[in-house]
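Before anything else, here's the structure in question.
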Amino acid sequence: MNQIAFLPIAAEILLLAGAVLILMAAVTLDLGRRAWAIIAGITLGLSFLAAWVQWWRLDDVGSQLHYVGDLGRTPMIVMDYFSVFAGGLVIAAGGIALLGGWRLVGSLEKRGAEYVALVLLAIAGLHIMVISANLIMMFIGLETASIALYVVAGFTREQPNSDEAAIKYFLLGSFASAVFLYGIALSYAATGSTSIYGPTGITAFFSNRIPEPGVLLLGIALMIVGLGFKVSAAPFHQWAPDVYQGAPGAAVPLMASGVKIAGFAALARVLTVGFESSIADWAQVIAALAALSVVVGTLFAIAQSDFKRMLAYSGVAHAGFMLTALVAGQDGVPGLWFYLGTYAFQLIGTFIIASIISGASGGASPLDSYRGLAKRSPVLAGALAVLMLAMGGIPLTAGFVGKVGVFAAAIDAGYLWLAIVGLVSAVAGLFFYLRLIVLAYFNDPDPALADEPITAPRSTRLALAVCVAFTFLFGVVPWPLLNLTGESLPLQGFGL
Amino acid sequence: MHSAFPVIALLVLLPTVGAVVVGLLPKSRRELMLPITTAISMLPLAVALYIMWEFSAADGAAFQFSESVAWYEPWGIGWNVGIDGISLLLIVLTAVLFPLSILASASITKDVKLFMVSMLLLETGLLGVFVALDLLLFFVFFEMTLVPMYLLIGIWGSGNRVYAAVKFFLYTAFGSALLLTGIIALAVLHGNEFGSLTFAFQDLLNLSISSNAQIWLFLGFGIAFAIKVPLFPFHTWLPDAHTEAPTAGSVILAGVLLKLGTYGLVRFNLTLFPEATVDFAPWLAGLAVVGIIYGAAVAIVQPDVKRLVAYSSVSHLGFIVLGTFALTSQGLQGGVIQMVNHGLTTGALFLLVGMIYERRHTRQISDYGGLAGVMPLFAGVFLFMAFASIGLPGLNGFIGEFKILLGSYLAFPVMAILAASGVVLAAIYLLWAYERMFTGPVTNAANAGLKDLNARELTILVPIALLVVLLGIYPKPALDRIEPAVENIIERIEEATGHESPEFGRIDDLPAATGENSP
Amino acid sequence: MDFLIFLIVALPLAGFLELLFFGKRIGEPGAGYVASATVGISFVLALIAGFDFLQGGEHGRTVELFAWIPSLGLNATFLWDPLSAMMTLVVTGVGALIHIYSIGYMHGDPGFGRFFTYMNLFITSMLLLVLGANFGILFVGWELVGLSSYLLISFWFEKPSAAAAGKKAFVVNRIGDFGFLIALMLIFNSFGSLDYGSVFEGAEATLTAGTATAIALLLLVGAAGKSAQLPLYVWLPDAMEGPTPVSALIHAATMVTAGVYMVARTGALFELSSVAGAVVTTVGALTAFYAATIAIGQRDIKRVLAYSTISQLGYMFMGVGALALVGGVFHLVTHAFFKALLFLGAGSVIHAMAGEQDMGKMGGLRKKVPVTFATMVIAWIAISGIPPFAGFWSKDEILASVFNRGGGYIVLWGVGIVTAGLTAFYMSRMMFLTFWGEPRWDDGVVPHESPRSMTVPLLALAGLSAVGGLINTPWRPALEHFLEPSFELVDQTHLPEAGVQVALAAVSIAAGVIGLFIAYRRYVRRATQLEEGGRWDTLLAGYHVDDLYGRTIVAPGKAAADVMAFTADAKLVDGAVNGTGWLVNWAGGILSKLQTGLVRSYGLGILGGVVGVLVWLLVAGGGF
Amino acid sequence: MIPLLAQASTDGLAVEPYWYMALAAVLFAIGAAGLLLRRNALVMFMSIELMLNAVNLTFVAVDSGLGSLEGQISVLFVMVVAAAEVTVGLAIIVAVFRKRATASVDELAGMRG
Amino acid sequence: MVEVVLFAIFALAALAGALVMVTARNPVHSAMGLLLSMFSMAVFYVMNGAHFVAAVQVLIYAGAVMTLFLFVIMLIGVDRAVDTDEQIPLQRPMVFLLGGGFVFLIFSAAWDAWITGRASGVCAVDCTGTIENISRELFGAWLLPFEATVLLLTIAAVGTVALAQFVIKPRLLESRGDEE
């Protein structure tokens, strides 16, 4: 038997350990929130470190497939720049999201420990998703994260809509998982393998045979649907607004950003590596979904009067933008990563603001509550403005660079129409991003609220600051991140 | 021609640094904001004047002071900047108008700091647009102007400001979307042809773009710029934005921001898509002529003086576009110089309207009357600027219009003749407005006690007036710098398309329209 | 010499600038002195500079000042040739006199300094107009005199009618300029230059008849605007809202003759198109007759003179149109003398009547303002075409030349003769109603003679009106010789033989005498008072042409603008923009109904997506 | 053996793996339909289980078609996942029921638009 | 041949069970329908040589999972017929249409070749689904996912606990007299 390489799965091990420790600390040792925070912080920090040190390792030894067992048939995980970047991003986003929503932990009292543990486990699941080299492994990661998040969505049952969010998320999520799984099964039928890499993997299967349509396309289609649900692409997006609105406010950033990151990582891995040879077929579907997502997301967002729901729909549109990058196949991956990497933090930042304004445990966040924000809290309004402009894709924010990358990829791949649809919708989308600025800057606050101070704990402010700084910094000086994402390509071919 | 010192970077970044400085000022020292910001905005002016001084007119076609720093190789994007004869004047115009319009913002009391910061950031954006030789960089600056202007209109505007601000933003952003698509497509074309993406303008000039692609790209760029210009029928954001914006906003909007559109057309559409340019020229010239007449006609009946001036911009910008798409050296030169002229005169008119608005808080023409007796100096300056705007020879407006008309007659005689009627209409709308506001007896008691221009206001207006006269009487220095750059563009079009720019002294069959005549 | 010519323009300009910035401080009467002095000195300088031409044969010179619009070959260049010299002399000479007159006339006006500022601006502009060596400078002057005219007409801007009149003048002039501009485009297109020299010399070789006609007619449009010819004359009567010296200087003696000057200057172009010449002559003749008929019915002394001016300008157009360039210019000069005199005299009368302009309230003023009366009589006879006063010579030269062209021109000659009779009639009517008969003054009006500063210019002009015609008599055509270098490119119409000339002269004298006699019988013998009602009202209102324009052009124009602004722009163009926004919003609202909140419909959406993706992928990938 | 049947057997009328796959497709569709037609959360959840079972059947059928074990292994993992899902899912349903006294998802439409 | 008959029988049983599950008004009947389907599946697994999987299917699914379902049905007291009238307009026809379409699409796409892959090669020993073979695979190549299920199970445990801890006091339950 050969050795298990522990470094690639160090993140999972650490996160699991952390989750268990926190539970023990809470239940057995009766330690308070501070202890959980320390454990969670260390766990996340270490797992982030563990994820990232591999970047330099990759520079030395190159991409690695990891097998267990002596036959080397079915690699379960793959360590390439793609995995490292995506994994690091998931952990970082999850960490920032947890930090920004720490206020919730306080309000949950004892159950806070469970919440933190679930969040850590969800992050681990997401991490599995992005590093997996096998579809079943990917499914397990996906389910791990999803199930954890179903629970998280229903965590604040004292809120009126939390349970509704949970059951909607759960039923639809399970449905989508089943579809995804069916896709795996059919692709297994088509290729004879559930592994992407390896001498008997999917890529190897295609390397000496032209892809046959039929079952193969069925499998691809169903997998696209399953992952499309996770990234909330239209028409599989309808859960998102309801869940974002009903779930605990502080937990939404993770649900929104983390799942998107992992979902896109999985989608990119499956499509641009596994089924790369069918790109001519699936790219069209992805393009159609992208266009639909962008348009539907934008139109629905315009009609919203609730900030979180608006963000959810805007998230649908953003999913469309990211799908746009994917039509270029592997060439679109850097653009996708840049977009995703920056958008994740924009999203976390905005949801943090929403949780500051409307409370950490969830519920409605009417747009009217942002009226005159600039007078009540100039800093918060400034942050909101930056984030809104970034989501709108205005230059000097990371959102702009992201859009350029995405559309450059699409145009390069010959999908000019998609770029035009996307960009024009982006303009329509500006309408609702600007509405926030209008409310915050051009209106006077409710007299009743004018003097009410807006407070947020230091953790929340820190997380928000990180998100805003990230957004602004990579808007002005995007080059380091561009270089990084430019390298974060998945391993092509079937490996060793 | 590389200058050792990155003077353009200095020019562009000075206002941003200034913005940071102003941003760090304590909020309580509100009274310091205006003088400090004005002083800061004098720095780019000094740099701009230095650039103008050092600029070699003989090499007006070349990009001077150019700087080139690669930023991200895979995309071929970098800090590529340079100044040629066309951008030179617009830079100086920008640098001149900013201190003046900041100085004219003494009546801003709400959130002064943010106002000043917005102004300075706006200046960076505008200066950046005129120096950028990298299309993505250009786009960044192009869009960067949106947000400060949006805030200027939305926060410090009047009445219907939110509507105007959002409309301004969305409308121009819509154009930007197409522009961005076009820019990326260009870079991709470069990638297809030469194997590497690039956004560098001078590299993109080497592309051989198919006629079909040129048409689409031209449209993408063209619509974006047409909205910015604004060319009829994309103009409706303009009256709203101009009218609701605070004085400084209107001045910059009319004076500089609209020029982004015409500048873009000249700089990019003409050079990058010569074939499409030749194909589209009659259409754009036609729209320009419609805009000239339509804008003027609509201006005549406006009850709101600021709206009137706004619509006059539609008309005047029509002239610029007409001159541009005449594709003759004269027309194009006229178009470029007219950009500056319009910036000065319309800017001044907005300043004047702002000054009277600060006194009376109304823009309705009917609320005024007989002001010439109450504030003769103001009336005099207003009339002076009105005549400059009408295109009175001896003042700046004439030079541009005359060149445009002569130049476009060569290419589109009928359109030039129709455009010339704009000259008549301009006299009607401005003089009628003047008549109603300034002459006759003082009918409204509120107007009786108005104070004439004070020293600060004179300080603002006198430099513009001097420039108006100077450019009217001795435009040669400016024209000398424009001409080589313009010739360069025309030559490029001729080489690329075989289109022959019409020459003077060649007799065509006369179009029927010239048969109009005798009483 | 060059510097001298430069100074001719620079002095009034300097005066203008000085008054512009320091006018208030200089105050009354200093401002008047400054202004008069600058113009006067200019006149003297012009005399000195023009002395050379008296020897004859001198072609003149161009004075290059600086490059203006180099790429158009347009430079700030002056042309000093006999024609411009003569025009300069008229402008500065008459200008100086009127300046002096104004010192008295404008006494006590709060805008005294401003008045002279504008007057000097006008002189400067007019000099630019006549001295320019290319169409560019001509156009600059052309527009600037329009500006000064605008400023001076609406000088008393508190009066709404004055302000409106100024605007009307400028706008109507602009309509003319529209034609002028197009002419310039055509010229530039054809010659690649706007220099007189290259244009006129190359005209014959370059221009086709069609182009020449087009250019000439378009120039005519410009000239008709400036010189108040049909149909663009409507601004001139209203321009009488300005102070009377302004009417005298600008709207009688100088500016309105710019059109004549321009046609004369561009004679080389008109020569190439017989059509254009005929049109110009016809326009001139019709205008002359038409305006004369209106003049008959006026009550306001200045409006009589205004229509008279229009009518006389018609004569000049007849002259230049028939290529009797010298005749046209000759009449321009003499008309400048006697019409300026008439206006100044009228001003003096108005001054005497404390601002009353209605002839119905005058009468019997002979004794009260003797100097004014005496000088005006001279002008009256001069304009009526009675030899040997100035008007006779010039008018007769025009008419004789027109007659000599033969053909249809003879009809126009006939019109001219009838107009001569009408002229004599309405002028006499004006004189009789003003100076003869019983006083009809308002209570409290005590007529008095004007001060010396006003009467001296009157006397000077009276002298010129009396003998000015002698500069170009059939037997001693000094002016013709003098101007010859300027017109050498043009094959001018010659006068008929002496016998014919005498006969024609006799006819026109007879017409004038008849007009005089009828007026005498009617207004002195029968002492008819100012007529009212019926056709007289039609005449008084100038055939209601203003109304007509108002109803056929201005009102529909404004209505169209209203439609464009408040229907087309606000509803259609902007409606499309806002409509797009609304549509998107509406679509969002409708669509959001799909988000029912029911988990099963979301699921249905997913299933629909599944099927949709399958169909798409299978169709695209050929899975079927 | 009945000759006819034997005949058929020798003619190769054997159960092919794709028969199972086809059946699984139908079962999957029925499961999906059940999810969408029933408003009782429990029955909906059962439908999901049916869908997972259909997938499992597919896996196993493909395995026997290919002569591989991957599918069977996968089925085991799916079962683990399904078990975890069931636990959590039922917990959620119970929680909802305890709060609202209903298991009908149609009554859970507080958020929409 | 026997196989064919068996297949036919259990296929019908599976379909019947599935249909019962979908159509039964009483959730308990639905659960029974599902149970029938699951048993049929187990038979199929055996027919395909997946003996271990078949065993697990019976134990875990038909046993544990379905028991849990029934338990919950009883717990929340929905063990009675419910109204199944459709309230969402168009839901039913759309479901039939899309469901039918789904099956049609799968059939028509896969008709030529349901399985186009090839065997992923050699199993550890051989490829019959015996416990031994499967455990070789499971603890060999598939060790990582096997370990990963730890996360899943932890979550299931923690999540259920978290959801079950009832801290609020909804009025409805008070009236029912339920214990907290």
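First chain written, first letter: the chains are A, B, C, D and E, and each begins at residue 1.
Methods note: a residue touches a chain if its C-beta (ideal position, glycine included) is under 8 Å from a C-beta of that chain, and two chains touch if they have at least 3 such contacts.
Keep in mind that what you see is a predicted model, and the values were worked out from it rather than measured.
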| item | value |
| --- | --- |
| Chains touching both chain B and chain D, listed by label | A, C |
| Chain pair with the most C-beta contacts | D-E |
| Farthest chain relative to chain A (centres taken as mean CA coordinates) | C |
| Whole-Å gap separating chain D and chain E, where each centre is the average of the chain's CA atoms | 4 |
| Centroid spacing, where centroids are CA-atom means, of chain A and chain C in whole angstrom | 78 |
| Centre-to-centre distance between chain D and chain C (centres being mean Cα positions), rounded to whole Å | 97 |
| For chain B paired with chain E, centre-to-centre distance based on mean C-alpha positions, whole Å | 69 |
| Two or more partner chains touched - positions in chain B | 170 |
| Overlap residues in chain D, where contacts from two or more other chains coincide | 21, 28, 31-32, 35-37, 39, 44-45, 62, 65-66, 68, 70, 73, 77, 81, 84, 88, 91-93, 95, 99-100, 105-106, 108-113 |
| Touching two or more other chains - residues of chain E | 88, 91, 95, 99, 102, 105-106, 109-110, 114-115, 117-120, 142, 145, 149, 152, 155-156, 159, 163, 166, 168 |
| Which pairs of chains touch, using the document's own definition | A-B, A-C, A-D, A-E, B-C, C-D, C-E, D-E |
| Touching residues on chain B, where the partner in the complex is chain C | 167, 170-171, 232-233, 235-237, 294, 297-298, 300-302, 311, 329-330, 333, 370, 372-373, 387, 392-394, 398-399, 402-403, 405-406, 409-410, 413, 416-417, 420-421, 423-424, 427-428, 431-432, 434-435, 438-441, 473-476, 479-480, 483, 503-508, 510, 514-515, 517-519 |
| Residue numbers on chain B that touch chain A, as the complex places them | 71-72, 74-75, 136, 139-141, 143-144, 146-147, 150-151, 154-155, 161-162, 165-166, 169-170, 173-174, 176-178, 180-181, 184-185, 187-188, 191, 197 |
| Complex contacts: residues of chain E adjacent to chain A | 105-106, 109-122, 124, 140-145, 148-152, 154-156, 158-159, 161-163, 165-168 |
| Sites on chain C touched by chain E in the complex | 596, 598, 600-601, 604, 607-608, 610-611, 614-615, 618, 623-624 |
| Residues of chain A touching chain E in the complex | 1, 4, 9, 12, 16, 19-20, 23, 66-71, 73-74, 76-77, 111, 114-115, 117-118, 121-122, 124-125, 128, 134, 136-137, 140-141, 143-144, 147-148, 150-151, 154-155, 157-158, 186, 188-193, 195, 199-200, 205, 212-218 |
